[in-house]
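Below, each structure is written out as structure tokens.
Two complexes follow with chain A in common, the first pairing it with chain B and the second with chain C.
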Partner chain A sequence: MYMFKYICKRIGLMIMTFVIIFVTCFVLVKLLPIDTSVGFGEDTSKIIAQFEARGYFDPIPEQLVRYVKRIVLEGDFGIGFRMPSYRGRAVWDVFIEKLPPTILINIYSSLLAVPIGIALGIFAALKKNKWQDHLISTTVMVFISVPSFVYASLLLFTICFKLQLLPLSFASFADIIRAYPEKNLVYTPGTFNWSLYFNKEMFLSMLPAVFAMSFGSIAGYARFTRAELTEVLTSEFMLLARTKGLTKAQATVHHALRNSMVPIFPSIVGEFISVLSGSLVIEKIFQIPGVGGLYLNAINSQDYDFFMMLSGFYLLVGLAAGLVIDLSYGVIDPRIRMGAK
Partner chain B sequence: MRAEEYKISSEKFVFRSTSGDLHDNKLETKPVTYFRDALHRFAKNKASIVASVIIAFLVLFAIIGPFLTPYTVAYEDASYAYVLPKNKLFREMGIHFWDGGQNKEVNKATYEQFRAIQQETGREVIMTEPVVTETVYMGKTSELYSFRLDTYNAVGVKYVLLTTAEYQALQAYQDEKQVQVILPITDPDLRPQAKQDVNNANIWYKTKLGNGMKTTTVYDADGNFIPIYQANDGKDLYTSTMYWEGDEKLYNYAEPMAGDIWNIRVDYREYYVYQHYLADDGIKEPIFIFGTNNAGKDVFTGLASGARFSFILAIIVSVVNLFVGAIYGSIEGYYGGKIDIMMERFVELLSSIPFMIVITLLKYHFDASHVLILFISFFLTGWTGMAGRTRMQFYRFKNQEYVLVARTLGAKDSRIMFKHIFPNAIGTLITGSVLVIPGVIFSETSLSYLGIINLNTGNLTSVGTLLATGQTYLFTYPHMILFPSIFISLLMLCFNLFGNGLRDAFNPSLRGTED
Partner chain C sequence: MNTKKMFRSVLAMLLAAVMLLSFAACKTGNQGNATTTGGENSGTVAEKSYTYNTYLTLSPSNWNELTYQDNNDTEVMSWIGSSFFTYDFKFDSNGEIIPGEFEVEYSAATKLEDVSSKYVGTKWGVPEGATGYAYKITLREDLKWENGDPIKAEDFVYTMMEQLNPLFQNYRADSFYTGATTIVNAQAYVKQGQDLKNQAASVIYTTYSADLDSKLIFSLAPPVEGGSEVYLRTSMGFPASYDAAACANYLIGNYLTGSAFTAEAAAAMEGKTFAEIKADATMKAAWDALIGWWQTEPNEELHFFLTDYTYPELSFDEVGIFVGDTEYEIVIVLAKSLKLLKDDGSLSYQAAYNMSSLPLVHKATYEACKIAPTEGVDLWTSNYNSSVETTMSWGAYKLESFQAGKQFVLVKNPEWYGYNMPENEGLYQTTRVQYDIVEDWNSAWLLFQAGKVDGISIDVSIADDYKASSRAYFTPSDFVGSLQLQSNADQLAARQSEGVNKLMLKYTDFRKALSLAINRADYAQKCTTSSLAGFGLFNSMHYYDVENGGVFRNTDEARQVLCNIYGVDASKYESLTAAEKAITGYDLAQARELVTKAYNEALAAGDIKATDKVVLTMGTGSITESVERQYEYIKASWVELVKGTPLEGRLDVELKDFATAWANDFRAGAYDVCMGGWTGAAWDPGYFLLAYLDSGYMYSAAWDTANTMMTFTMKGVGENGADVTETMSLLDWYDCLNGSEGAKYNWSATALEQSQRLQLIAALEQEVLKVYYTVPLVNSFSASLLSYKIDYVTYEYNTFMGYGGTKYMTYNFDDEAWAAEVAAQGGELNYKN
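Showing the complex of A and B:
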């Protein structure tokens, strides 16, 4: 019961934070002048009429109420105006279309990073101050420090360009359809076809981005695990475990590892929440048609409806990840009573 | 035990000294202060020492780098765009590394063009003997020439349009320096007919229109190029004593255009030297140690200036954050209670706003320079971390006895806060604010890399912009991204090592654990 109350309180606080930031953001965006300039050969009056029909010239509080109403009742987040390829399309539809590549790449990289990172960390902790530990720690330090755009470029240049082991660019739907003529794949915009994403061609073209993304996470997990495990390994209950006759392996797996997982597990949970958001840099380098690229595009071309929706999305993902990380401490280790005095 | 045994007669007590006050002996050893101890322990960490030396080197590069080259960030010369990094020493020693050379694999026509440039300008364009391989593609045999190309000398000859006064000044310069800048003009009637090559000044030999509207070279019986220089008609106002191939005035050296303009073929390297001789900007010859980018900007200058900008911005941000955060955190931590709760909510709210939203909204709203926007957004989101650290330290120390003593003695709140408690927080604050620097540099680089912030104006550039430009030419000209990448990686790595050492050194609980 205590936990339930606490969770409710935290969720309430999170929603409050979200609303304050989102409304501030909305008001600040609406205070901006509306740009009605159009591309060559298009009619300005049409755009103005569209804006008027959506009520973009009304007082801001009225617009806010209408905006929230539309989101809640119709799932309508507005339509794109500034980006030529999404002009006149519903923001939500475009967003849904962009989500699968982002999520898939994130999930693949998490699935790769979590086990490898933790395994490396455990290995380094067990071999503390031997050459294996020094090797792993140094590599980890390098991958934590070097920015992702550097090793992503390096990966692209060596693996994909010089050695040609992996495809250079992200496979488009046209490529996939061409690669599997026997499957009779069809792409219709606005729908989601699983078989377009789950095939060898698509998987291979995602791999460079997956690798580039996972390097940093692997290094992070390895460092975290090593630090936690070395601390636990020197604690007194480990000595007790050995004294009562457990082998080193038994003691490590049953006692040390379980205890060292307490701070590591929440960050894994957090990682799986943040698979939604992805990385702007990686998506730019590997030209992935994902949410990050869309956000960048929206920011640079000042498409406010897209900007509002995606900002809200990123904000929500960030807040939710933080909350889940906090709460999972209490779940994994009942001794920890979150928020207790 | 009997009590008498412990009885000591009063005569046995003597005064130690009958005059003067008694003092403790002064300590012989020097006191180890907090900072001395931290420094001592920092010096033991070898990785941190190496890292700080490298950081010092990078900072030095940022400070004196822009003064080492004659180029400025605004400098650009499209003719020398895409040239590779060149080190004069390596070039002269004939080492095929960092010599401005590029390994090329081209078809015969392109190879012949390079050979023609080499023959006309007399400078080495083809640095190695070409290896010819024959490939058959769709039934046609074509030859591929692999060789090392001098990207500087491959620029060759260019057409320039000069007024009569400029033309005569150039002739005077020729006579003064005894160099041939102006080359004979080619006969307009014999110039290549193919549209793409009409303005290519490097074609000084006879060509014809080949298959697919391509310019094809015409050779004489011995397989040599046939010059198409225009014969002298005495109308070109050429009075210089420098003659092509030592001949008397055999050819025309300029072609009159409409108005007071002359079309002239110049040996571009010499013309470049001449231009910078006129401008007197210290540029003696085209040589770029890190190469140039697509616009012909010097990468070295850009990198050094970008680094300098990054360091300055990061240091200012970290100092301002330290000040504001320390004051805010002190008030929070010292007064506690309701004040703390309210101020802490505000901090929480502020720190949960994604950085991207802050910077985008600032960018939309203020038409200010992006440098200012960058600074404001770093400040808005950054100081909360410092405030949190200070607050923690205040909570730790504010209930200690010496604070109570100070208060009992009548010290004011501000005195207790900044004279008594705050010095305890200095260690963590210094570590924290040093570690802010790489974070700011990294964010700034990422933002300009993503194109959200544009710092590439006038005499300003950033490492991120260089990286973004290099990314576009990753496969063709990897040198553009190589040097900025090395810089940023080295900086981040060293700052992390340095920061780790600093954190351990300033952590009193680790004192004595290493020995």
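Showing the complex of A and C:
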């Protein structure tokens, strides 16, 4: 029951935090001066008339009420107005259309990174100060130090361009439709068609980006796991476990690994939640039509509807992630009781 | 325990599901080259497929002719639309292209007639005896949409009505009232119902008369939200942060000290009508002082006023476009004349430039795409031409697929009339056009070498290896890359801090020194791929007389300007051409003398202390490798400049990112130096001067061109060919040059011979250059590589036809052969030779 109360309290606080930050974002972005510049020889009044007709010069509280009402009653998050490439498009439709590639690449990357990273970490911890440990640790340091866009460029050049093992660019829907004529695939903008994403052609085209994104994560997990496990392996309770007759493997798997997972597991949960945000650089290099860069471009272009929708979405995801991560501590370690006095 | 089990199960299921979904659908598919035979040929005998693969860095979003906003949008529009009149190469008797020459041909139209005389004395206001005001365009009778629907004159009239529909405030509506193609009442129709309280009175009333007194409202305040700039504010360069009192204090402190125009009087006058001001003795005295100082020309009272003008309702019948005598005739009546026909009745260059086409939408589709405003919004919008489903083509190609942010594909439109024209036989070999969105140049470069993209710009990083390639070609541009130096002395002063000086930029000699310290030829070589040193506001792409191939820069007047500015004594050379060739724009010795002179003046005036360091902030929209290279070069040049001068070791240049607001921030005086220039209006340099003289566009927004006077003699433009000598502000000279409303003289292109206008264009260029707020550095050229797959009809750039475009493009390989060729080369093509 205390857990239920705790969750309700956290959700209540989450909603309150969300409302405060969301309203603050809305007010602050509306306080920015409106850019009414136009091209050479064009009429400034046309852009002013557009802003005026869209209600951008109305009092901010009035705009806020209207905005919230529109979202709640009609599910309408607005239309892109300023951001190149998305002018005149429903912001929610654009976001939903661009989300799947980002999510898939992140998920594939996490699926690759988590087991490999943890396995390498365990292996390095068990071989502490031996050549295997030194090799893994040195490699890990290299991959942590080098930014992901460097792997991305190297992968693109070597694996995709020189060796031609994988495609040079992320597949388009038209590519997929042409590759599988027998499936009669159809792409309708603003809708999600699983068949366009789950096929060999698309999967292969995602792999270079998946590899590029996973290298850093693998290194991170390996380092983290090694550090935690090394510490746990030297704990006194491990000595006790061995003295009571457990083999090294039994003691490691049942006691050491489990304890070392307490700080690692939440970061894995966090990684899966963060699949909703794209990598600006990786998506750019591999030509992935994902959400990376959308937020930054919305801010730079002062596209209010895009900015507010993305702010609200990521804010909600961030707050929910915090809650889920906190709760996950209790799952991995029963000694941790959320909300208990 | 149960919770744990459940969690494990969920996790395991999630992992399994994702893996399964990924592989379940994996089935051996067609992995070969995605060769298609073109939609219209499906089911028939397979023809060879010729795909033109290209890329954009940003995706188009809206290729609706009524609302498009950027060049990405026009990429789609160029394929799905057609033209009444088009340019073409001029061929000699052997069928060879004559370099630099062009022809204008009929395309979607079959006839163009000047019918101005028919509308003299009617509601359209065509002046007696005038030509070029009304035209009748006769359309081909076989024009069709991609779905086979016929296109007639009424479709163009309907589209214009929608273009100007006040409920939509379409982004491109102003194309028909701000530029050269000004349709009668277009502006009045689109703005009907708009209250222009916040706009400068001069927009509406060009001539002051006492009966306007009750309508004019005095204001020095910044425009309210939604309002336009007040003319006075922009011409004086007041920053947005200045309120009415700050503006008044500035005027009082700098120009009207001790006059009746006091801060109290200004505050009292703010918001009052001219009638109220005149009725009050104190305010009247203050007004007289103000206008007495300001006025240089009649009617400039209007610069201080706002007005309550509201555009009245207007029927579309009053707009100058309607169906002619037959259903294939469009009549268009212009507010400003255009010379679309030469004296011999053939098409002039302007026909294909100013009247290439009129916007056209498919009525049924457009109506279905209209989106009504939501609560609190008054604006109607449309998603016409934003997806395959909402797109309708009447051009040579039609949209086959579109994935926002990723790719779009066009294929031949079998309904296009042009394929039936005998002159197009054997042309348009391209069957398919594929655009990929590739933001990163390095990724595009790999795609190009892998044969997946057919053209790419040569980046500086590969220039040394590829500039000599047989597949390299160089395209000139009308863009002159220039350094812009800050003109707002108040802001320079405001941004100074202890020991840090900015005010040196106030001194013309110092700015001139900065200009002379840059070795332009060396800069062009080291900082650009293929640009050349530039010295003037205009380059070889600016034509003052298009019809006769008159390039402004090649005239004696233009050459003399550069000789004057860069201190080359033309009399010492055998010709002006030789003198111009001697210009380098680089004279370190003179530059150092100028630095010393300016420094001593500044020291004497208290604008710099003997211990101050001059720190110039260079701003940019994004700090890229290329920007950093330019910055380092300029910084090194200026540090070298001050050696041996009192400023030695006391000058530094810093680079800052001002993101998308960089241009507006510079105009507002937020930093000191930027790289910037203008492109556009290359065939009308007289009009292009607007960019350097109108504070709405100028980088040097604080330079008061409305009060910078020039005395000049226009030769042979007076009565009986007499000379006309005048002293006017630069802006007034500009207005005369372009025949603006209210200008003292009309020396526009339709009123004067181009050769006569030339002298004034040159004089104004010199006035802009000699203040050194704009320092031209390079004439822009872009270098590109073209795939082995295709060939252009010519590699000599033609201003009117480029390299011939898709119309003349030929293929050395069809798609299958190209895939085989790339594979034979090991998947990597070598373009170094």
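Here, the second predicted complex is superposed on the first by the 302 of 341 C-alpha atoms of A that agree within 3 Å, B and C clash if a C-alpha of one lies under 4 Å from a C-alpha of the other, contacts with A are read in each partner's own complex, and residues count from 1 in each chain.
Going forward, a residue touches a chain if its C-beta (ideal position, glycine included) is under 8 Å from a C-beta of that chain, and two chains touch if they have at least 3 such contacts.
Small disclaimer: the values here were computed from a predicted structure and weren't measured.
Asker: Who does A:Arg87 touch here: chain B (first), chain C (second), both, or neither?
Answerer: In the superposition, A:Arg87 contacts chain C only.
Asker: Counting only touches as set out at the top, which of chain B and chain C does A:Ile107 meet: first, second, both, neither?
Answerer: second
Asker: Which partner does A:Val142 contact after superposing on A: first (chain B), second (chain C), both, neither?
Answerer: Touch partner of A:Val142: chain B, not chain C.
Asker: Mind working out whether A:Ile79 is in touch with chain B, chain C, both or neither, as first, second, both or neither?
Answerer: Second partner only, chain C.
Asker: Applying the touch criterion given at the start, work out whether A:Phe51 contacts chain B, chain C, both or neither, answering first, second, both or neither.
Answerer: Only chain C; A:Phe51 stays clear of chain B.
Asker: Once chain A of both complexes is superposed, is A:Phe161 in touch with chain B (first), chain C (second), both, or neither?
Answerer: In the superposition, A:Phe161 touches chain B and chain C alike.
Asker: Counting residues of chain A touched by each partner, does chain B or chain C come out ahead?
Answerer: Of chain B and chain C, C contacts more residues of chain A.
Asker: Please work out whether A:Thr17 is in contact with chain B alone, chain C alone, both, or neither, and reply first, second, both or neither.
Answerer: The answer is first: A:Thr17 touches chain B but not chain C.
Asker: So in the superposed three-chain picture, is A:Ile285 touching just chain B, just chain C, both, or none of them (first/second/both/neither)?
Answerer: In the superposition, A:Ile285 contacts both chain B and chain C.
Asker: May I ask you to decide whether A:Asn199 touches chain B, chain C, both, or neither, giving the answer as first, second, both or neither?
Answerer: Once the two structures are laid over each other on A, A:Asn199 reaches chain C alone.
Asker: Which parts of chain A are touched by chain B and by chain C alike?
Answerer: On chain A, the overlap between the chain B and chain C contacts is residues 153, 156-157, 161, 284-285, 300.
Asker: Can you list the chain C residues touching chain A in their complex?
Answerer: Of all residues in chain C, those touching chain A are 3-4, 7, 15, 18-19, 21-31, 34, 36, 58-62, 67, 69-70, 72, 169, 171, 173-174, 177-179, 190-191, 194, 196, 199, 225-229, 240, 373-379, 381-383, 386-387, 389, 400-407, 409, 436-440, 442-443, 446-447, 449-450, 452, 659-661, 663-664, 678, 680-681, 687, 690-691, 696-697, 827-828.
Asker: Please name which positions on chain B make contact with chain A in the complex.
Answerer: The contact residues of chain B facing chain A are 348-349, 352-354, 356-357, 360-361, 364-365, 442, 445-446, 449-452, 467, 470-471, 474-475, 478, 481, 485, 488-489, 492-493, 495-497.
Asker: Hey, which residues of chain A end up touching chain C in the complex?
Answerer: Listed in rising order, the residues of chain A that touch chain C are 33-35, 37, 39-55, 57-58, 62-63, 66, 69-70, 74, 76, 79-80, 84-89, 94, 97-98, 107-108, 111, 153, 156-157, 160-162, 164, 168-170, 172-175, 177-181, 187, 189, 194-195, 198-201, 203, 284-287, 289, 300-301, 331.
Asker: Within the complex, which stretch of chain A touches chain B?
Answerer: 17, 20-21, 25, 28-29, 31-32, 141-142, 144-147, 149-150, 153-154, 156-157, 161, 280-281, 284-285, 295-296, 299-300, 302, 307, 311, 314-315, 318-319, 322
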